[in-house]
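Common to both upcoming complexes is chain A, partnered first by chain B, then by chain C.
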Partner chain A sequence: MAEVLAEGYNVFDTSKSPSGTVKYLASPADVIALIQSGKLKEHILLVRGGTTTFLAPALSMGAIGVITMSGAPESHLGILSREFQTPCVMTAHLTSSESRYVVGNTPEAHFEEIAKTLDGRKVRLDCTDHEIGRVLADD
Partner chain B sequence: MTTTEGKRATYKQRYEPDDDGLRFQELTYTGNFVGMDPVTDGIKGDKMMRARAKSRVLEKVSKEDVLRDEFTIDELNDLNNYLAWNIWDVLVMRATEGVSGMIPRQEYEILAFMHEFYRWPEILRMTTDEVGGAQGVMDIGATARREIGTKINSVHDWCIGAVGFGMGRCGLLALEAIGPDDYIEESNIILKFMQRVLWGKRQDGYILNSQDRYRCRIHEPELLSQITSQLEPLDEGGPAHAKFTQFNAAAELLSFLDHYDCRLGLGDTGPYELPDGQLLILRDLFVNEEIFHWSDVCDDAGLPHCYTLAFTIDPEKMGLAEIRVNDISTTFTRPKNYIEAITSGAVFAREKWNTPMGEVYPITVAELDKHLEKVQTATLKLYSKTSRMCRRDLIWNGQYVYYIDMILPHLRLAGTYEKACRDYDLWEIDQRVANYYYEITKRGFAQETVPSKIFSGSGYLPFSENADRRRSKYRWL
Partner chain C sequence: MTEGLDKTDYDVLNAVALKKMASADAIADAIGGDPQQVAERLQGLAGRGLVVEAGGSALPTDEAEPALRAAADQLYAPVRADRTVGELVERFETTNSQFLTTMSAWQQVDVGGRKVANDHSDAEYDGKIIDRLDKLIARLTPLLDVLATHDPRFSAYPRRFRTALAGVDAGRTELVSSPTVDSIHNIWFEFHEDLLRTLGREREE
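== the complex of A and B ==
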């Protein structure tokens, strides 16, 4: 059994289990640069919010998997991930940390810790459970 | 299908009178009912809220009830409580999504809520007068029964009351700009307009989908028959299925982007059970709204005002346990993944908002490639354009999407949109709201106070029992 690095809401049940290097996207410029690099499909995308506009071109151009640090399947990014059938784990928290996301009251350190831990790691998404999506180490 | 093999569809049990539905979330709701049993989501929550009402306004109401000039205080409070629960029911989980990174949505939302509460009443009263009174407003709602590609839909109609009255009043109460018994007459105008449009659309006595176990089956049989005649079979795993579902996703994404990451760009109705047991969903995706100046990229790409997708879901294939078409026009199912259970589909295009139904044209699945290309081109251009906008522009643009678009379809059909622009300064920002721009980022108002008051239901203070229904706001002390 691969190490579970992080867990969160599973947006939809799927047997798809995409694998790639986590790419943390902090700004729209990062999103545009990734698309222009031609390497979109090599990455599992890590974003802070659960809104959909931020990732719009990445979803449209065929992102293979998404991890968010906030939001739920009912959030707009959750809805669009389901429609695109892009496996998505939302409000992911590190299994090695006690820190959890709280609406409107989450310190920056929470997001920074997740980004620092996952960015650049080779991972696989497991979205077979009805409720929990898992980020597995795939090094 | 891997996770639902062997499961039988049980969704029809949800329509049995004693059934309480499934729980889609673990959270519960309290609102103004402190000390009482917490209220759940879904069908059970609807039953609990209706059981706590003092009036009959949440039950099936008659045409005479809807034509009546105004609500009583009990009715206003029942609607206030029910809408607060309904908002929680559909949005509490969505509201966990945090910052956008692209569009400051929480900021533009709260400004729009308050702007609507201040400005809509006189515009909705004028519109009611212009269409000859209450019946004219109900007739506007009824048009949705005969059309696709219309923004007279669940989310827009719901927003009149839930957002303009409910969230607007809640936000101003939280800001301490108003008290609970201010603007009662104006609240009545907004809620009556909402009730009349929704009643005219549904015509079953209810106004909200949540009252009907999350069903929005409004279309006339003749229209449904025309639509289903165009359905093409889609085999899961086949190229046509992939093409259709990809187009659905891409067009839906653009509809979100064109509407600043909000739900006003899409509208689902259904589920309609077909003779073969399949469930039909109709989905309007508004990919080009001409009143938004940033939608010029959608014009350039040659996109129509709206694509309407019709598709059938096989409930047995996915072991469907519950399906909700909620009051913000979005379909959710258990199990969650309905895409693999889509068995047929059709696409239609409406070029302009007022293109006659006879000129709405079908697009075959084989023809979708060129439309997908247009959608993707517009998405990339709109993203690039939006990413260059400053924060202030993003906030005010988003504010306009809410404040204008939520009542735009009703004003358009009433023929009062131009009058509202010309004589009522619809596109101007009220000075009070302009000033709030500088207040909402202080003390975490937009990102902490608003979510806690609006999405938890704790901020929807009731009107006093003996309040005067004629009351506006007379004192600024």
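== the complex of A and C ==
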């Protein structure tokens, strides 16, 4: 079995297992640039939170998979990802790190570590489990 | 870029920022304006680097949010000082949590402890969810009413909710949560973001 790089909440069970290079999106400009590049479907999108509302255009334009570093499956982004049937792993943590997201009490270093580790890596999402969504190495 | 937004620019840019991606027609519909006029305003906003056009729609740039925040600080100081608004907003947070849970229950049903996609074959279950949504929307009325006394554009929300609910009652269930139509979830989400910006608050996780 492929190496599990990160795990989080699985927003909905699906046999879809999208594969792509992780792209960290920090701002609306990153989303616009990605859409305009025409390479949206080559990437698994990594964003900071369930409240990262600027991701919506990417979902409506056909994003193939999403990883967030905070937020719950009941959040706005969770609701959207189910509507678009875009596999989504929320509040993902690195399996190689002890650091975990805690609401209102998470150091910047937590997010930076995840973004640094995953950004640019070829991964595959496994969203078949009813609770845990997995980010697998695919390189 | 440093000059402030006038009220019409604010309304147009605010609608783009709330919708994240919107055509002039959709913006005109949301703010009750003329599509041609909205298109001209969008051009002006694009010239100032506040929106960009992609795929036939306007998207907000990174500069849009700070510009809106600065304008809202000026425009909505009286709303922020209104104690009735303050009290009603406290209650909104609870209603919002219940709304999100209800929306998830519309999308997924619990079968033996496992969440599976709602296939909408159980009319009674769906009916209960729609009733709950109806009640949650009704709970917004006092807040929407008082906001509309400060800025009439807030009266667009009750109108949009009524249209969506009437559509749902007529069997168009995509008007509950579909992101591609003016669904209850979309309208609610836009209202929540609009409210936070009006009050100068940040979204909580």
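The definition used in the following text is that the second predicted complex is superposed on the first by the 138 of 139 C-alpha atoms of A that agree within 3 Å, B and C clash if a C-alpha of one lies under 4 Å from a C-alpha of the other, contacts with A are read in each partner's own complex, and residues count from 1 in each chain.
Going forward, a contact is a pair of C-beta atoms (placed from the backbone, for glycine too) under 8 Å apart; a residue touches a chain by one contact, two chains touch by 3 or more.
Computed from a predicted structure; not experimentally measured.
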*Looking at the combined model built on chain A, do chain B and chain C fit side by side or clash?*
clash
*Who does A:M69 touch here: chain B (first), chain C (second), both, or neither?*
first
*Based on the superposed arrangement, let me know which partner A:S15 touches: chain B (first), chain C (second), both, or neither?*
first
*Check the contacts made with chain A and report whether chain B or chain C touches more of its residues.*
B
*asked:* Just to be sure I read the superposition right, which of the two partners does A:Q36 touch: chain B = first, chain C = second, or both, or neither?
replied: second
_Which superposed partner A:V47 touches (first chain B, second chain C, both, neither)_ = first
_Applying the stated clash rule to the superposed structures, which of 25-33, 133-141 or 421-429 from chain B runs into chain C?_
421-429
*Could you give the residue numbers on chain A that contact chain B in one complex and chain C in the other?*
12-13, 27-29, 31-32, 49-51, 53-54, 56-57, 59-61, 70-71, 73-76, 79-80, 82-84, 103-104, 130
*Across the complex, what residues on chain A touch chain B?*
11-15, 25-29, 31-32, 47-54, 56-57, 59-61, 68-77, 79-80, 82-85, 91, 101, 103-106, 128, 130
*asked:* Give the list of chain C residues in touch with chain A in this complex.
replied: 20-21, 52, 54-55, 57, 59-62, 64-65, 100-101, 103-104, 107-108, 114-117, 177-180, 185, 189, 193, 203-205
_List of chain A residues in touch with chain C within their complex_ = 12-13, 27-29, 31-32, 35-36, 49-51, 53-54, 56-57, 59-61, 70-71, 73-76, 78-80, 82-84, 103-104, 130
*Residue numbers on chain B that touch chain A, as the complex places them*: 2-4, 90-91, 93-103, 105, 245-246, 248-250, 252-254, 256-257, 260-261, 263, 330, 332, 335-337, 339, 375-376, 379-380, 382-384, 386-387, 444, 447-448, 451-452
